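Chain nomenclature is as follows: A, B and C, assigned in order of appearance, with residue numbering initiated at 1 for each chain independently.
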Amino acid sequence: MLDACGLESAEALFRHLPGEVRIKRPLALDPGISEYDIVDYFRARAAENATGYASFLGAGVYAHYRPVMVDTVVLRGEFLTSYTPYQAEISQGTLTTIFEFQTMICQLTGMDVANASMYDGSTAVPEAAMMAVRVTGRDRVLVARTVHPEYREVLRTYALHQGMPVDDFEYQSDSGSLDLEDLDRKLDDHTAAVIVQTPNFFGVVENIRSVAEIAHRRGALLIVIFTEAVALGLLAPPADADIVAGELQSFAISPSYGGPYAGVIATKEKFIRQMPGRLVGETRDSRGNRAFCLTLATREQHIRREKATSNICTNQALIALMATVFMSVYGKQGLRELAEQNLAKAHYLSGKLKPRFTGPFFNEFAAVTNGRSPNDINQALLKKKIVGGLPLAGWYPELENSVLLCATEMTRRERMDEVAQAFSPVREQEQVQV
Amino acid sequence: MTYPEELRYTKEHEWVLAEGDVGTVGITWHAQKELGDIVYVDLPKPGTRVEQGKSLGSVESVKAVSDIYSPVSGEVIETNETLSQSPEKLNEDPHGAAWLVKIRMSAPDEMKGLLAAAAYQTYVGAET
Amino acid sequence: MIKKVRSHITQNESLLFEKSSPGKTGYQLPALDVPAVDSQAALGAHNVRNEIEHFPEVSEVEVIRHFTRLSTWNYAIDLGLYPLGSCTMKYNPRVNELVARLEGLAWAHPYQPESLSQGSMEIMARLESALLEITGMDAITLQPAAGAHGELTGILLVRALLEKRGNPRKKILIPDSAHGTNPATAAIAGYAVENLRSNARGTVDLAELERMVDKDVAALMVTNPNTIGVFEEKITRAAEILHKKGALLYMDGANMNALVGVARPGDFGVDVMHLNLHKTFSTPHGGGGPGGGPVAVKKILEPFLPVPRLKRTRNKWTFDYKRPRSIGRVRAFYGNFGVIVRALAYILAHGGDGLRNATVDAVMNANYLRKKLEPYYDLPYTAPNMHEVVFSDDRQAKLGVRTGDIAKRLIDYGFHPYTVSFPLIVHGALMIEPTETESKDELDLFADAMISIAQEVETDPEMVRKAPHNTRTSRVDEVTAARRPVLRWTPEQPRTKTAD
């Protein structure tokens, strides 16, 4: 090949680079290793992490069983090693699955259109907020304090330089659900959107209809966030929202220490042109057969550049495919049954503890610790190979002795009993041990 | 292509037809040809004030967006609703049925600075 | 003569919604070991949904057949050369998939105690230090989810530094050859975009740069090698011009595959850059994601990096959240950890020498294709190219055949097309990036196909314009799709079956 290129050595390929930009030494990295060594290295790292623990953590990332079918499909090279389906004629596999994904998200959320997915739930929030700003011509957003705290941090990072003021509104300290009076007080004619999450960060299911009424009365859009997609199998769809933005991690996407996940934005038909992200549409090929293609691309950065609806380039196709396979495997009946199992498990656990809030909850709830420090309880649980709940005081100083606990279809009854025991007052525990 | 005599043209490929103080605005046959199949037209709401030479909306093909620059200043009094359902009309009849907006002109003298049909024809060159 | 493929049978397949029938299922849940709960009582009747209308109801075997059949309608790297310029479609090693799925990694919850996350944190730290060595930068964040997300992070860092110096400034300069994400990013970070015209070589015009950089310019965003595959030889001088006026140099690392082990952005004046783990470091593109977009910076920008940052304290990794000058979070948790694992596996497999060899091969493969195709296609910019080469359709356009047509005909020859009509500074661009993982045989097959198409353009342009001819789906009507968007399946809508 060197001969064909008319070069005497491979080094000649770089001769035109100025001397000062070239690195004069080999990279200071270890020599390459074999496949076996690679597997060995990562096995050792994996063993330094929690393995064999039962976990009661939720808080935006949920441990749900991943049907074997999911990896069977996504490991097919045709899905794994293709790229964005620019060339529709040889990308109908990806395009069809995205169309099915968009359809199922609409069916679940009660929206008219869904995009082909976003990076994750947290980045879908500022994208939805910016969309509301474009739709309404207003600039401010009001976000519930019960939206995932890290999502709110991401929203603030994005909003800072766009002249988009972000203000919080409160939750009711007894029910853990939205403080609608506080919302009503803080809403003004500059508010583009009200952002709420259901089930909220405390696991409490919100009444979307009443918050929609309040937001719409002042001309603001309602953005509904979800982090626990399995809840959609049982909860009424947030059809009163104008935009739904969520995280699909619960649909067979491994927790994977925080990513990759897949977010999604769904909305009403009339807002399509302001939507961020890829969209797949149905059409025909020149022989008249049904075909799919990327569409409405003029919203996007590669065409509209600085006037685009977002700087996002592509979607999370493979992760969205995991969710699509998951939804297909569970289907209409399975998703409901799965959600009902989650509901039952969490209610079994809550029955043995003292819930902090009175609002209805799905598979997650805050429990108070009976005067013991959440940390002590969690340390005790670790000894039993249980990762306990998330102490809430870090983000909510007013919830000093509260822990957020999650139970899913993978949570066994015996392990819940052990957690309940760890929460019980010290004297009682001693008695148990005697 | 022969450009109608009664219209006045811009170098950005818009046309305007003045009737009293109302100017009907569209894009030229040349513009639609350059764009190819038009799939979407974004027009301002009636009541919007527009300025000569400033963007009043945009037209889109599958892979391009083009601004429409207002040939005259004034207030938009009507938009062509049929284009939202049938943007392809812009390819079929750009100088007639596929007009974009009607503007109540605030400075009808601006018309004098626009190109007559022959001058526009020369500007875009011979076309088929 | 089409050598790589012949036509083959593919199965028809309708949408899941059309295959569904009531009561069919493909799942099995464990028996409930706690009492069932009445959902209406627990949640309130108004909070409980009716059935999910038209949601799929299919069996397990129908699910596997459905997705397997659909998969056969895709082209993929696993089937052959995928020369999509700027996308670095290299082979995705399968060991990466295995290690990313190890239980301790795949099931790690981001909020599990740090004491039970040391393995994850060590992996992140090791990737950070490898990427710093590769880029010659001083500090790095792995948090951004993709390239464009990295760009946003990087420009927010620029803004934070300038703000601290007293003036965030107003403009970002972007060459006319840039990816569309660059201007879109600048806009989200609150900057106006100014276009920097390329010179006759297709590179940054220093005189023009000197003229444009003033006290309102925050940064220049440059891709190096740029989108025509040419190394910006005057990059050090460009950095000086910017730095003298208090502006910064941002490098879009989309084309790092041409530089690893050969040149380091940190050594040629770059202040901040992003990497694309899914391009340079082999993590699979997955039909359009996930990716990873780490952002590496010089010391002056470190205080502003997103929280949290990895920190070594008493032989343990911890996350440092107390960073008052940080721009904040750009996403929840710590980044696309699963992608981080795969990228590290790639780096470990190659080592320093192997990475450099990959760069050499990537550049050689592009030069080889350039040599083979130069007699048949116009090369508007003739400076030495690195990892990709950009031709123009000038010669073919005279016969009425455009780059998009040639691309479609390439499909008939069994290849994925190159990148079409980008960069914008090349009229009718054919942007070809073979990557290092292609053998000479595969490159020759591709070159033969391109040459054969050039000849077809001369003899039968109409046939090329109507391509592809051999695919199960012929040319798709994108105009109707955009005019009357159908973005989801509904039972009412009149439908054409996938194939009748």
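To be clear about the criterion, a contact is a pair of C-beta atoms (placed from the backbone, for glycine too) under 8 Å apart; a residue touches a chain by one contact, two chains touch by 3 or more.
Small disclaimer: the values here were computed from a predicted structure and weren't measured.
With respect to chain C, maximal separation of chain centres occurs for B (centres as means of Cα atoms). Relative to the whole-protein C-alpha centroid, the nearest chain centroid is that of C.
Taking A-B and A-C together, the chain pair joined by more C-beta contacts is A-C.
Each chain gets one centre point, the mean of its Cα atoms, and the points for chain B and chain C are 39 Å apart.
Our note on geometry: chain A versus chain B, Cα centroid distance of 45 Å, whole angstroms. With each centre defined as the average position of its C-alpha atoms, the distance from chain A to chain C rounds to 21 Å. Looking at chain A, residues 297-298, 303-304, 307 sit in touch with two or more other chains. Within chain C, residues 478, 482 each touch two or more of the remaining chains. In chain B, the residues that reach two or more other chains under the touch definition are 40, 60, 62-63.
Partner chain A is touched in their complex by these residues of chain B: 40, 42, 60-65.
Against chain B, the residues of chain C that register as touching in their complex are 421, 478-479, 482-483. Across the complex, chain B meets chain C through its residues 37, 39-40, 60, 62-63, 87-88. Residues 273, 297-298, 303-304, 307 of chain A are the ones touching chain B in the complex.
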